[in-house]
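To keep things simple, chains are lettered A, B, C and D as they appear, and every chain counts its residues starting from 1.
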Amino acid sequence: MQRWQIRPGNTTPLGLESAPSETPGPGEVRIRVRAASLNFRDLLALRGTYPMASNRPIVPLSDGAGEVVKTGSDVSRVAEGDRVTATTISNWIDGAFDPASARQSIGFSVDGWLAEEIVLPETALVKLPDAISYEAGATLACAGVTAWNAIVERAHIGPGDHVLALGTGGVSMFAVQIAKLVGASVLVTSSSDAKIERARALGADGGVNYVTHPDWGERVRELTGGAGVDLVIENAGTLQQSLKAARHGGTIAVIGMLALLSTAGAPRPAPGGGGDLMDVFRSGATVTPIVMGNRRMLTRLVDAYATRGIAPVIDRTFRFSDAPAAYAALASAGHIGKIVVTV
Amino acid sequence: MQRWQIRPGNTTPLGLESAPSETPGPGEVRIRVRAASLNFRDLLALRGTYPMASNRPIVPLSDGAGEVVKTGSDVSRVAEGDRVTATTISNWIDGAFDPASARQSIGFSVDGWLAEEIVLPETALVKLPDAISYEAGATLACAGVTAWNAIVERAHIGPGDHVLALGTGGVSMFAVQIAKLVGASVLVTSSSDAKIERARALGADGGVNYVTHPDWGERVRELTGGAGVDLVIENAGTLQQSLKAARHGGTIAVIGMLALLSTAGAPRPAPGGGGDLMDVFRSGATVTPIVMGNRRMLTRLVDAYATRGIAPVIDRTFRFSDAPAAYAALASAGHIGKIVVTV
Amino acid sequence: MQRWQIRPGNTTPLGLESAPSETPGPGEVRIRVRAASLNFRDLLALRGTYPMASNRPIVPLSDGAGEVVKTGSDVSRVAEGDRVTATTISNWIDGAFDPASARQSIGFSVDGWLAEEIVLPETALVKLPDAISYEAGATLACAGVTAWNAIVERAHIGPGDHVLALGTGGVSMFAVQIAKLVGASVLVTSSSDAKIERARALGADGGVNYVTHPDWGERVRELTGGAGVDLVIENAGTLQQSLKAARHGGTIAVIGMLALLSTAGAPRPAPGGGGDLMDVFRSGATVTPIVMGNRRMLTRLVDAYATRGIAPVIDRTFRFSDAPAAYAALASAGHIGKIVVTV
Amino acid sequence: MQRWQIRPGNTTPLGLESAPSETPGPGEVRIRVRAASLNFRDLLALRGTYPMASNRPIVPLSDGAGEVVKTGSDVSRVAEGDRVTATTISNWIDGAFDPASARQSIGFSVDGWLAEEIVLPETALVKLPDAISYEAGATLACAGVTAWNAIVERAHIGPGDHVLALGTGGVSMFAVQIAKLVGASVLVTSSSDAKIERARALGADGGVNYVTHPDWGERVRELTGGAGVDLVIENAGTLQQSLKAARHGGTIAVIGMLALLSTAGAPRPAPGGGGDLMDVFRSGATVTPIVMGNRRMLTRLVDAYATRGIAPVIDRTFRFSDAPAAYAALASAGHIGKIVVTV
């Protein structure tokens, strides 16, 4: 089988190679990969700037979907022929994030989905109903679950509430779809009026251009009638403005690595970044970090998209042989929603 | 102004009379009533079988809407001309139900909405946006908030979850609408296939006829693929079947007086009623009582219906002078949704 | 190594035999068992009346403690020489109970602790600090975690709250200790004034003799000044009385198999048993089942007992060769707290 | 009756005067004040730097206790002769803080406790059991409830958990007592080894001198075995260090005005102050503001201290006529716990 590897220190860090099929051990299954998707942290891993990146060659990508083709002994949750995806940290089934579990981070500490085959423990798997295509199923585990965790599990957003998503990338477009699913209103920010228009066409109730409105937190507050939003999906490192946008008693869900990056020399602007921690008290909002989510959340998300008939927003799809072009598309930041590789 | 009174012990318990306008005291307002709605417990109060009914003459109905026409001193939350409704227990603002607060139960321990005017403390009031008509606003405080409390606040129902509402009365039709608002699937039960069809037309995903399926709990479980529902809105006194319908870890929200009545000689059937408390452990579901809800919940519900553009299901509307006919319509149990009196 | 087995269908169901040491596989460890403890369901398993009992020979007991003597490959959480106990369901790490996980129930679906050695997946293990003896550590996983789950995790009992534990067995005496740890008051019930006195000496604030007070729920309510308790640890199948004892808004935590048994022909009395499900609404209490707990809870419990310097209540300790006598002692129901076997 | 007033703009801002007794209106009671206590924000109000201070003369102090001497009409919760204290915001009964309720802030927007008599709405009152002296009861409403809210209601701290309180003032010493009540370990910080020793004598498990350990967050983490604390009571404006002290998944409860003040020119040092909001994600802790608490919390706190037999830490008690000296003692920051005025 063919697989892409990130090879730390190589001048061309992404390399394609042949490898023998792996035999699944007890409790493991081998999956014929059909699709995978990229997240922003995959770009950092390629560049060697991701804090938890492997220092040995590794098959990248935490998100994918495929068909079970071989089961090891003691496998009971899935059978050959099942269509599946997997949670991003393969032993995180339920409950709170345990930093120790990061040793099982697919695509970062163990081989990921950018290959024709992947072997995973059955505990990581979630079955895909027919209503979810492989391409769609490949986008959910990281970006989709992150938005679900923030909106549904942490902030208990409901009908009549207001959500703000920053930018129009993968997490933000999931936030738009999930906020609408739970009956909330949702705004986006962008540097581009055209992207805001596309986001509206995809379900957002409105948006604020942070270039033309540098004090965009205030503008968001105005758009909610002065009260502020119930939840900010903060994946841009702009907490000072986010705190202005949030209502007293609201939540700022800080989405990991994008936020870190923005303050650590990220290529994209962070207007309203920084902020003093005392702003937390002034705003009355709670600031809480979100580290993706567990298998139970992924299962709920799959159920929700299947029963409500929703398709994730996919900007572009690349062939397996064009994987480097998929990374380049992500780096150019021109996309709305997810970038997918079909295998 | 004209008002209807329930007069305990009278052969004609509902009587119309004239009364002088009341002057609002400090923190109070006078409201010109525009609409009121009936709940099942109002029928019990009329019959003298409601446990908490007043034993002196009282203006009935806990639910209504109107226009503020006069404000007392120290009023800051509303102004003359505001369109308002009120929470059913006028001093229950937020947090858990306090049995002591029942002393402020509108229509039961203090005069209610079946009158041309009502004087209420401003703390009870919630403003109605233009998107909510007086008739719609008059249906929310008891039945709407009960369904909201169970689905949104207690059980945190979300996309992909399954809800079961028993019957097609006021609480059940709110449960259908709110379950759909939060992205869930929802089933109803009924003794009538025609009512199930009407409920489907109003948003339900399906239904079970409990006459043709006496073991309807099992049938509901089948319709959810064998897992069972996440929440039962139990307002029929049929916990044995409800526990069969619920999934392990699910919730049975027991809605007060209807359930009590069913086992205490209610006019309508309670198939699957009774049940042994040990069934709770066998089912793995939690059984929790719901006592309407507070002003914060009513405010959220009003916001949700206004921003999502939803109209409560109103079966019939009666004129103020025909109030006795409204009670008779409720007693006949032929309705779907709410029965409203316009004033 | 020597091990006891329950052999379904045998006239002497508990048999001792020699078996070779098992080699731990990937992610597994072998433990030299030092102590184990019995729970009521172990008695049912011996009698063949436990619903989930194995129908093949199995080493019983879900609770034990010992020393890691050999680690398989890919083991990172523990090392040889570590003192450990294990969660009762070896793959339940965090979050809600998943009925599917019962396939990994130690002592019931996989071999348990009544042996000189046990092989377990490292994911199940919790390290024991020096402050926790092997005997103490062997009592925590089932009875201790059940009480912890009900008091700390589910009902959030705190200072000034009131807890009621039924009887003076293992779960109840943990309930007494944990209720005191969190600053609450705690009452017990018993058929014996002498046991109530012993329970007081071990920390209970008082007790009610259910033989001399058949309507003991009312008596408990009186002892709390009329308000009722915040939490009942209901492990006796007496929900009718428990609902009388609970306050409006309180919690009845139904502890599984003991409760089931009481109504299904248990040897001990169930005064106030049965009860109608409508009592739930009348009481205003929530009835919720508790199925032991996960590894995170066991870890918290171990930390709590170690840092607060508390020793579980152990009634009697038996030698490994006297295991049948330990079962007999449990069956005689004369104990207070736990019965332990040292290995 | 005699009362002290803060008179904005006066050269001697605190003045004593005689005033006639006030007649309680409907739902109100008059209380003979027996004790009152000072909080840090009272000092700011005196100095005119408290953001929400009244700009007209006002009787200060939000915390006090006394005896009901006269009841207005429609009063049912208390009777003449009852010993009572009151919640700091008189209409905040239960649920989340509503900024609009600040209009009823005792001692800031309505007259407070530094007088021989106070008239309050009965809704604000909590009865004091005999076990709570007037002096003790006068310390609970602001500082005690703030610590309770953070530890019990928000962070659900339990046995085996670790709490960090900053400094040894009123909130911190309540945090020490409440943390111990719920079975947790608790550390304090101070600039004085002597104060740390006194805090240990009063229940703290240890402390860190932030002068000799400028990087005290790391030192706290070491003292918890490297994991970090579950909760920081952050009332010093030192979030950068607090985030170092907290564990992944822990909570930083930001206590309002003290924190604000520290960064805005406070007299006391703020080592480790400021901090970048991105530190939140790096730490994995949640930062949440705490605004005192509601009447339900005060009721629970009173119950807890009464049933557990705990006395709040009172540093010094001043006579009514020496109220200015009480303010001076608070300003000198030499105290441990609370400063009380007896009336």
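Note that a contact is a pair of C-beta atoms (placed from the backbone, for glycine too) under 8 Å apart; a residue touches a chain by one contact, two chains touch by 3 or more.
Keep in mind that this is a model prediction, so the values were computed, not measured.
Peer 1: Matching B-D on over half of contact pairs, by residue number: which of A-C, C-D or B-C?
Peer 2: Answer for the repeat of B-D: A-C.
Peer 1: Quick check: more C-beta contact pairs at A-B or at A-D?
Peer 2: Taking the two pairs in turn, the one with more contacts turns out to be A-D.
Peer 1: Report the inter-chain centroid distance for chain A and chain B in whole angstrom, where each centroid is the mean of the CA atoms.
Peer 2: 40
Peer 1: How many Å are there between the centre of chain A and the centre of chain D, using C-alpha atoms for each centre?
Peer 2: Distance between chain centres: 42 Å.
Peer 1: For chain C, give me the residues that contact two or more of the other chains.
Peer 2: 96
Peer 1: Which bits of chain A are touching chain D when the two form their complex?
Peer 2: Counting only chain A, the residues touching chain D are 96-97, 99, 237, 239-240, 248-249, 254, 256, 259-260, 263, 274-289, 291.
Peer 1: Could you list, by residue number, the parts of chain A that touch chain C in their complex?
Peer 2: It is residues 25-26, 76-77, 91, 93-96, 98, 100, 103, 123, 294, 296 of chain A that touch chain C.
Peer 1: Going by the contact rule set out above, which residues of chain A touch chain B in the complex?
Peer 2: 152, 156, 158-161, 178, 181-183, 185, 300-301, 303-308
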